[in-house]
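Which chain is which? They are A, B, C and D, in the order written, and residues in each are numbered from 1.
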Amino acid sequence: MQKFMNAPDTVVADYLTGLAAAHPQLIEFRAEERIVVRATPAAAGKVGLVSGGGSGCEPLHAGYVGPGMLDAACPGEVFTSPVPAQIMAATRAADHGSGVVFIIKNFGGEVMNFGLAAEILSRQGTRIEKVLVDDDASFPPDLSRQRRGLGATVLVEKIAGAAAERGRCLDEVAAVARRTVASCRTFGVALSSCTPPRLGRPTFDLPAGHYEVGVGLGGDRGQARAALPTADRVADVLLDKIMAELGIATGSRLITMLSGLGSTPEIELFGLYGAIHDRLTRSGAVVERSLVGNYLTSLDSLGALLSVLVVDEELIDLWDQPVHTPALRWGA
Amino acid sequence: MQKFMNAPDTVVADYLTGLAAAHPQLIEFRAEERIVVRATPAAAGKVGLVSGGGSGCEPLHAGYVGPGMLDAACPGEVFTSPVPAQIMAATRAADHGSGVVFIIKNFGGEVMNFGLAAEILSRQGTRIEKVLVDDDASFPPDLSRQRRGLGATVLVEKIAGAAAERGRCLDEVAAVARRTVASCRTFGVALSSCTPPRLGRPTFDLPAGHYEVGVGLGGDRGQARAALPTADRVADVLLDKIMAELGIATGSRLITMLSGLGSTPEIELFGLYGAIHDRLTRSGAVVERSLVGNYLTSLDSLGALLSVLVVDEELIDLWDQPVHTPALRWGA
Amino acid sequence: MAEALSLDDLRRWLEHFADAVVSQEATLNQLDSATGDGEHGSNLSRGVAAMRRALADQSFADAQSLLSSVGMAIVNSVGGASGALYGTVFLRLSDAGAGVTELDLSRLADGFASAAAGVSELGRTTPGDKTLLDAIHPAAQALREASAAHLDLGTGTDRAALAAETGRDATAAMAARVGRGSYLGDRSLGHIDAGATSMAQLFRSLHVATASR
Amino acid sequence: MAEALSLDDLRRWLEHFADAVVSQEATLNQLDSATGDGEHGSNLSRGVAAMRRALADQSFADAQSLLSSVGMAIVNSVGGASGALYGTVFLRLSDAGAGVTELDLSRLADGFASAAAGVSELGRTTPGDKTLLDAIHPAAQALREASAAHLDLGTGTDRAALAAETGRDATAAMAARVGRGSYLGDRSLGHIDAGATSMAQLFRSLHVATASR
């Protein structure tokens, strides 16, 4: 196994330790509780934002803790959602008296564990709003239960984070988060599997010259395997379902995010983005903002997730608000 | 070849097109001249900064064009330094009447081509200062001619960029750039080779469980091959020569940069950084600032380059000045 | 030979299961990698380690406190889908042990029926979806039938284990409809479900502990 | 058969070299990948394409203008170490063609001696460093000797090509001291240098063009 690693058991803690060491002014890693919190908690009254999920998807989730985004993150083991105790500890750190929004990706483990935590916390009097992220366009709308939470997670955390920072109340923050999810679709492809540290070998084999179409996180295979075409054609595959579902047409205003899956070189990712941008622009849409880089990943998978968010003035304004986290920073 | 790619011939242009599409407010790609310039040129009188080199090292060099860093970049073909005509075009775009600093990595091709361009331009009356970057600590000081230009390139571009933005004159900008090079050392390791698009296969084979020690950019092998140890031990290998040469001791003030080589997942990179940070801190040094991510790469190599810069108040102050480029952004 | 499991018997059951999970960690990861993300064995290994720490407490007053303590230990150590689901299994099963220090076939049947229902509710799943429910559901039914037929404990738990194992094997012919396997559609066919495999082991361990009393 | 190369002969030489480079692109990349970064063939392919575009101009007044035009085309299309060095070779060689439309053995010897010196200066290298200098340097010497011995042009260029090929093969036993190969230290031993290989081809093409006049 070609990895920078001490042992499979320490991978997650080592990552979080290093992340906190590199960003001491932003975040703190509480090893016993296995949570990451802001180095300087937000002021009293701000609605709290908590997210978490399996590790291996870095910079999700700890990389988005900081002013303008999350108050706390609870990273689970590799590809394993966090446990209720962790989620509850993160919620306590994030609760500034005005309630907490959970940003939950639609994976069974996450839904169940955040659900258990929310039930216990609600009984204890904490106000919780659960926002389910299910932007995966690889399943048709009638299979919405299968729709995974993918790139929208990052966009929702940014936008809801800005709304919370502005002093919006719990319901308002949850509402803008849900509106963001509803306006976003993501589609992914993978040119390789990944090697989970404990498994010690790739989750699946992919013959050279092929790729998986419609993947999520966690080293998932896609729903289909096909011969790998040119980047221009991959751009079409990424866009087809997204554009159809979002009804993208002349005048649509968009934020795009193209994330590598962990081992995708920047030269390839931007090359692919050029074709995506070109097709969107030719369709008459206006790309207002874009992010291209490693924003949510699957360990060392080679691949890309394209997210497209249809925006209006309010969402763009929230997007442009300052953010200062390990993985996303502007205006600060 | 598992790559997002249209054809080997279009890889570089596709990348630059996509980079410019994602950052229209920051940069412009001039395809005929094969250069990248700021979307909004700096004001008259600012010293210009130009860098360039083989492509495949993204975000070097085009990713660092923008306020606070470069005025123009001239990316060559993959792993091939730019040609004099490109360098001259970039210089014309970067020259605001106060001369231009060339930031040249110590690779034969770069030294020769920038040298030829500087000779022609100087004869035409352009004031050029050449700053040679040779921070590679894998060769001993008496083999300084072999010392490649590595991570210091990014740090120099940031710091000299801030000095230029502040209105310092040509000699001052060159001087602070040279001082930065002299205070910086880099050491790299690779856990895999990379696959240049035209070669179509990895540059070299590395048996599983081994790594190359003392690598540079361009898919270079290192000077030695060894069994891959734990991340903690790799941190020692990265630090040993750097710390000895820079004389790092109690009270040393440092900026650190740990860059992945293109396909290094963040979870591994930060895990490694934690061990590096820990050893530096235990030695009594103070890590004032740090960058961990993909800042200069070798296509899809798996590996890491560690750069350590010894800083004083002036360098930290220049470091903290606003920067707004595709790959580095703060205070803006 | 008592026709009920004492608290010590329950401990021996869980110890046997823990040993089995640890020794099968790689196999379970392997199975999970065929349709999921390759860490079910590692997840459960963490769970049984936490369970052992919980069982170090020697002061349980009844089967409920022992089993609910195990359930909480699993819920807060495993994570993922299986953590919540296995935790639910033990928490539901614990209800059948309220105020008693022995579980007979009838209580086991009640407890596992409730556990299977809990899995179905929390996981929003039914038998045939290619999950651990495909092992626990038939096992619970076998216990119910064995109890109704007044079979002895050893035979009853063996039938439950056999039913779980049959259910486990049947998952190979199913297309996953929930969980990570469901992303694969028909490509999940031909692979035995990881969670059903560990769940079948839970029943096999129950029988071993019963038979070796 | 004239004992000098006309402008058309020079064109045929360069055409032959261009064809060879294009057909050997993968081989040269392969060689470069053993000790360098695997793109020497692709670099030179770009160079010869630019050279062909330059040669489309039919109006060169003398050998100097033809060869310097080729040199500039290479300098501004190849990049890397080899672009600057090959460009220098042609620019230096062009000096020997000032005001004449034919190059005899004596002028070729002068031109390549100056070209080899140019490589040595620009590359800060000497023979034995495992570079293209190890091909051009002995070839220039062979031309000098052939010219002094008044050998005919065909024999002279053949000796030059043989000398370049011997020099090329000798690079296998050298440890690289400049260029990318130098990062490898002794690990560069056993591999023939890519630049020396293409340079030997330049002389072999010169001989072919000479012999086929």
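Keep this in mind: contacts are C-beta pairs under 8 Å (C-beta built on N, C-alpha and C of every residue); 3 or more make two chains touch, one makes a residue touch a chain.
Computed from a predicted structure; not experimentally measured.
S.K.: Are the chains other than chain A still all joined, and if not, how do they split up?
M.R.: Apart from chain A, the chains cluster as B, D | C.
S.K.: Provide the C-alpha centroid distance between chain A and chain D, rounded to the nearest whole angstrom.
M.R.: Between these chains, centre-to-centre, one finds 55 Å.
S.K.: Using mean C-alpha positions as chain centres, tell me how far chain B is from chain D in Å, no decimals.
M.R.: 33
S.K.: Averaging only over C-alpha atoms, locate the centres of chain C and chain D and give their separation in whole Å.
M.R.: 76
S.K.: Mark out which residues of chain A touch at least two other chains, giving numbers and ranges.
M.R.: Residues of chain A touching two or more partner chains: there are none.
S.K.: Could you list the positions in chain C whose residues touch two or more of the other chains?
M.R.: There are none in chain C.
S.K.: What kind of graph do the touching chains make: line, ring, star, complete, other?
M.R.: Contact map by chain: line.
S.K.: How do the chains pair up in terms of touching? List each pair.
M.R.: A-B, A-C, B-D
S.K.: Per the contact definition, I'd like the list of chain B residues that touch chain A in the complex.
M.R.: So the residues of chain B touching chain A come out as 1-7, 11-12, 14-19, 21-22, 55-56, 58-59, 63, 191-192, 206, 208-209, 211, 228, 230-232, 234, 262-275, 277-278, 287, 290-292, 294, 297, 299-300, 302, 304, 329-332.
S.K.: Flag every residue of chain A that touches chain C in the complex, lowest number first.
M.R.: It is residues 8, 54, 76-86, 107-109, 112-113, 115-116, 145-146, 148, 196, 198-199, 203-204, 214, 216, 218-223 of chain A that touch chain C.
S.K.: Which stretch or stretches of chain D touch chain B in the complex?
M.R.: Within the complex, chain D touches chain B at residues 25, 29-30, 33, 36-39, 41-43, 46, 75-85, 122-124, 178-180, 182-185, 187.
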